[in-house]
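One chain, chain A, links the two complexes that follow: it is found with chain B in the first and with chain C in the second.
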Partner chain A sequence: MDTAVDIQGLNKSFGETRALEDVTAQIMTGQLTGIVGPDGAGKTTLMRSLAGLYVPDSGAVSVCGYDTLSQADDIHGITGYMPQRFGLYEDLTVIENMRLYADLRGLDTRSDSTLFDQLLTFTALAPFTGRLAGALSGGMKQKLGLACALMARPKVLLLDEPSVGVDPVSRQDLWEMVQALVDDGMAVVWCTAYLDEAERCQDVLLLDHGQILYHGAPGDLTERLNGRSYLMQNIIGNRRSALTEALQLADVCDGVIQGASVRLVLKEDCDDTPINAFARSYQATLVHTAPRFEDAFIDLLGGGPGGLSALAERMDVIPESEETMVRCVELTKKFGDFTATDRISFDVHQGEIFGLLGPNGAGKSTTFKMLCGLLKISSGAAEVVGLDIRRSPSDVKFQLGYMAQKFSLYGTLSVGQNLDFFAGVYGLSRAQRHQRIAEMIEVFELAPILERSPDDIPLGFKQRLALACALMHRPKVLFLDEPTSGVDPITRREFWTHITGLVARGVTVMVTTHFMEEAEYCDRVALVNRSQLIALDTPDNLKALVTDADHPEPTMEDAFIRLVEQQNRLMDAREAAA
Partner chain B sequence: MRRMLAMTKKESLQVLRDPAALLIAFVLPPILLFLFGFAMSLDVDDVEVGIVLESDSRQAQSLAAAFAATPFLQAHPVRHRREVERLLVTGDLKAVAVIPADFDSLLLAGDGRAAIQIIADASNPNTANFTAGYLRGAFTRWLLAQQTPGRAEAGISLQQRFWFNPALESRHMLLPGSIAIVMTLIGTLLTALVVSREWERGTMEALLATPARVEEIIISKLLPYFMLGTMAAIGCSFLSVQVMGLPLRGSFPALLLISMVYLFPALGQGLLISTVARNQLVASQMAVFSGFLPALLLSGFLYDINSMPWVLQQLTRILPARYYVSSLQTVFLAGDIWHVYVRDLVAMLILGLTFFGITRLKFTKRLD
Partner chain C sequence: MFWRDPKSRGMLLGVPFIQIVLFSHAATMDVKNVDVGIINQDSGRWSAELIQRVSSARFVGEVLHYENPEDFSIAVENGDILLGLQFPADFSRRVILGETADVQVVIDGRKANSGQVAFSYVSAIAGGLDMEIMSSNEHYVRPAQAEVRYWFNPNLEFRWFMVPTLIPIVSMMTALLMGALSIARERELGTFDQLLVSPSTPLEILVSKTLPALLGAGFVGCLCLPLTIFGFDLPVYGELWILVLALLPFIFSVVGVGLVISSLANTQQQAILGLFFMMMPIMLTSGFSTPVENMPEFLQFMAGANPLKYMLVVVHGTFLKSMSAVEVWDNVWPLLVIGGVTFTTAVVFVQRRLQ
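On to the complex of A and B.
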């Protein structure tokens, strides 16, 4: 194996912030190398340095023997680079985008269209060549971005967060494509905040605060945790409160919900007697389980956040009621000839976390927007907290909190002004406004960043702020639209600590996500595909649906992919017959 | 070369698919031209004035009749000053001429005391000046006719003649100026928007990571807008001359040449803005403040540069639109005067080179 990229003592700062500190590493050809780390760890800075887009402050980077400082032009000739958001021209068609990048890389597609045809077949984009890139789904955009980056057969392929906002089916397609490229001897660098992706890389560079914490095969890191990962099964009682309590134990390093069970990671050199005792208090059985890369990652970063939510402590307890909090009956939305959601029905009960999952463009966001009164219902009915959305859309809005994708904060207002604005929008009285804002600042520790713009605060703070804004009016139902897209595991855990705490106080939560770990936190999951509801059950039951001799222990992601593919085959066959 | 062609093609496709670009390039120009050509006018026609006739003498009557006969004035005879004061305050009258009770004796005395009083509403100084001037002119003409009855043609007679725009139609001055505005919008605003859009959407990052050279990126960005600007210049000129009656006393090739040369600094400024701003909102604001507004206010198209404060006059020297407006007015109203053209062309080229030079220095194939 040859060295494709050689990084020697690389330093890069932006003003006061040291984005990369003394990074030294080699990336090999014919290998998939993952660059992982929490948000703000310096991943993108490293990727851009490799692409010759940043000049190192000190140290050097060479790609295939070319120095990024003095020979950037040569590097641009032999590398394919896909930036975040894929770098596509949305007002050009698929084929126009591909032609542009082919010409830019000096590829003559008129005389020799072999590579072009190969890429079209490879990415399965051939039927969509005439479609505008902006009209493609997230998964297809990603494939097109990859096709453009692969023009002129690069020796090194750099992919910056290629799977953010992309559904599991498309993600799997991409994996297969990249694996094929690696087998052909290409060096592929895959930058991600998702650790299940890192686990599948041959080589992993783990960054934190601009420094390399770990470099090697992901399995070697995971191995260090052998015997420290446990699964608490058959919990009698509430599994979420079990997790909250477990995270407060001194010996527990990390914990997450995994279906009906709780996954716990023990701190180094700790004895399992206390957690065994703890498990017994829930009449649960504690079994060893194989460690995952994520366990090792959190351990390496010094453990996850605690289990207590300062926010939830402050919230009033919503009295238990038998009332259905969200109800959809044959909910349908049509845009012209296109049916975006087709007769979707479900009920959500109080204190439940209800997940809405599905591939890009399946109709999740449309359903969500109808329930929040942001889109008109074409036919069918929907109720939130007993209120008919068609009849009283504005009353409904006072009952629910909505946290939109990308947080929808105002970048031109300061953090404090954002809080003020949202308190005002929900019509709180002056006294209430003061009290609630002060409370949010206290529980979310926003005081040091009050004067800053939400655009330049760390992602974790942004997420807290967005949550604070959505909760200002103490809603009974909370809608979260892809709340942790592109967010690292630590920030995500912190977020779910708050959500779990809120649910314990009686708040009902509806969430859409592409992130299957997150689906595990849900009590029930509705799977939407091609505008229809194809499955509705607990995460464990959904997994059971696809369990067979070949797949004895499917993950949530396996369940998602297989259920979606089953329905696709069914519908394709039906269409072919008709 | 192939890279440049590919990027130029891409840019052209984007222009054709962008409703905002098409709006600025094809819908806005005719609207602006019609606005400046018809709706907006700096001429003062039929100004409402009050004539206070306090004397009933024959001479006073005759002067009042002379005021009423003045073509630009709409005279309203009244008896008392008090009546017109109210109308002056409400803005119904723009000026008042008072013919006092002792008009005849004042006229006879000829000792320098004013025979009539003119009061003008100076809240709009321009109109006030015009109106007072008209009234004074009418009075002087009447006076001459009175003092030398039957001998007026024998004495010295003053005849004014206005060159280049004999009918004094402000439209003839405004139309060339509005062509400059249109060209500024297309050259500076549109270019600033398209490049910053690439930064905003992250496509510039992808572009920089390809073998495309900076010069190629810059030139391919500009070519489509250069074509668009040239087309707009031809279209606007055609519309002004054929539909709105603007004369074209110079030659068409000269008009085309100065317009194409003006695009050089205009595009350069747009490109420079987007290189610095990297965000469409900021870029459009910068383009409006540094391109559109100065072209409107400081180019000498609405306000005479010579009557501006010294500081502003100096500022206009680095304003490409100033030279373009000057050349445009020349080519439309005066004819081909090459030494004017050459001076303006050289100035525009120097400014253009400066903008491009700074852009080239700032625009690197790096993100930091």
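On to the complex of A and C.
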């Protein structure tokens, strides 16, 4: 195997921040190399350095023997780089975008269309060549970006978080494409915050604070955890409170909810007697399970955040009620001739975490937006906390909190002013405002960054601030729209600690996500595809639906993909018949 | 929010200042620095006298002498001279004989307006000379003549007309910009959804967008007042407080137009495009560059919905004549109507977008 990329003693700083510290590594051809690490670890800086877009402070990078500094032009000829948001021209069609990138590369595609035909077949975009890039779904945009990055037939392909905001079905397509490229002998670098993706790479570079913590096959790192990963099954009682308590045990390094079970990772050299005793207190059975790369990752970074949420402790307990917190009855939305959601019905009870899942463009966002009052309902009815959304829209809004995917915060206001603003929007009295803001600053430890703009605080803080703003008025129902998209596992765990805590206090949570591990936190999941509700059950039951001899232990992602594909086949057959 | 961003802050304060200085000097219609070409085939006293007078006139820049008509026409063609005077060989002789002596005046018709003004200046000079020659004749009887007196602007200083119009124009630009960017900016950043899920109604949101724009543009307008009055030594015959009061409904109506643009735009870029699209017709049909009365009827009708048209009347009225409060009100109530209509439209558009 040849070395495709050679990194020698690379250093790069931005002002005071040292983004990369003495990074030395080799990336091989014909291999898929993953670059992983928490937010701010220096992943993107490394990617951009490889693409020759950053000048290193010291050290050198060579790609296929060319130096990124002195031979930058040659580098651009042999690398394909796909940044987090690939620069597609939204007002141009798919084929026009491709032509543009071909022209930029100086390729003659007009006389010889074989390259385009290949790329279009490869990315399965052939039926959509006339569509505007802006009208494509997230997954299709990434495929088009990939097609454009592949235009120069690169020897090294650099992909920076290609799967953020992409649904599992499209993600699987993307993986298959990349695997095909690797098999052809290309060196592919896949930068990601999702560790299940890292697990599928042949080689992994784990970065933290600009340094390489681990470099090697993911399996070798995971192996170190053999015998330390456990699954607590058949829990009697609340699995979420079991997790919260487990995380407080001295021997537990990390823990997450996995369907009805709790996954726990033991600290190094610890005995399993205490957690066995703990499991018995929930009358649960503790079984060994195969470690995952994520377990090893968290372990390497020194364990996850604790299980207690300072936030939740401050929230008032919402009295238990039998009332349905969110109810949809035959909820339908039409845009002209197009039915975006077709007669969707479900009930959500108090203290439930309810997940809304589906491929890009399936109608889950539309459903979500109707429930928040961001879209008018075409027909059917929706109730939040027993109030009809159409009849009393403003009363409903006092009951719900909404956290958008992009953390809608005002960049021109300081952190403190953002808190003030959102408290004001919900019409809190002066005294209440003061008290709640002080509380939020305390529980989220926002004091040191109060004067800064949300645009330049770390992602973890941004997420806390967005959550603080959404909770200022103590909503009974919290709507989370892809809350941890592109967020690293540690920040994600911290976020879910708060959510779990809130739920324990009686808050009801509605969540949309493309990230199947997040779906595991849900009590029930509604799967939406092609505008229709195709499945509604607990994560474990959904997994059971697709369990057969060939797939004895499907993941949530397998369940998602197979259920969606089943319905697609069914609908296609019905359409063909009609 | 606008204020915390240093770039927006600079735009809010710096731009009006630059606009006033630029506009008042560049957009002048006074005729100055006119280059005059002369072909003199006469060698007598009177042509020399007239040339002398023209050369020393204030509006003339350079006087260029040409020997042959070819050079002269080339000079006109190249735009070297705006106006040319051609004296025939018998010019002075005819003057002395008391006959009518003709001068040919050539004007560059491509600059019709300045050419005409320059021509009127030259005729006045020639007329003055004519009068002197006549009155030296003892049999001269002074003919009856119309004496023109320009009211409100006795010296026809173009700046007296120009500078006051800058107050509404500059505050209009600020108001239009702040209005147009307001919602579009939040849509682009995603914060608009966050507002919509809060109990605030579209009406409340739009009111909260209008007030800062009203304050900002009002502030800019008031900043322009001392700048224009002291910086350009303008007379103020009317009541300034009436002007300041009238400025608010004017800004309200313009912010309304901005909000309509904003409620339709998804991005700031679209909003800015919409703003430019609106700017041209507003300026053209306002009476700023050409009188509204001279426009075809449908344009006059359109001008009826143009807030700037009413405000120009008010601003000229208060600066150059002492316009009464009643007359001002005649021009202010249409502004309130325009503002009301545009604001309501913006609210409806925002509500409709929720579908």
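Here is the rule we use: the second predicted complex is superposed on the first by the 578 of 578 C-alpha atoms of A that agree within 3 Å, B and C clash if a C-alpha of one lies under 4 Å from a C-alpha of the other, contacts with A are read in each partner's own complex, and residues count from 1 in each chain.
What we mean here is this: a contact is a pair of C-beta atoms (placed from the backbone, for glycine too) under 8 Å apart; a residue touches a chain by one contact, two chains touch by 3 or more.
Keep in mind that what you see is a predicted model, and the values were worked out from it rather than measured.
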Simultaneous placement of chain C and chain B on chain A, clash or fit: clash
First, second, both or neither for A:287, with chain B first and chain C second: neither
Which of chain B and chain C A:317 touches, first, second, both or neither: neither
First, second, both or neither for A:570, with chain B first and chain C second: neither
Which of chain B and chain C A:425 touches, first, second, both or neither: second
Touching partner for A:104 - first (chain B), second (chain C), both, neither: first
Selected from 153-161, 171-179, 243-251 or 261-269: the stretch of chain C that, after superposition, runs into chain B: 153-161
Shared chain A surface residues [contacts with chain B and with chain C]: none
Of chain B, residues touching chain A in the complex: 2-3, 5-7, 9-10, 13-14, 17-18, 201-203, 205-213, 365-368
Residues of chain A that touch chain B when the two form their complex: 14, 48, 51-55, 72-73, 76-77, 79, 81-92, 96, 99-101, 103-106, 148
Contacting residues of chain A [partner chain C, same complex]: 372-376, 394, 397-398, 400, 402, 404-406, 408-414, 422, 425-427, 469, 479
Chain A contact footprint on chain C (complex, rising order): 1-2, 4-5, 8, 189-191, 193-201, 354-355
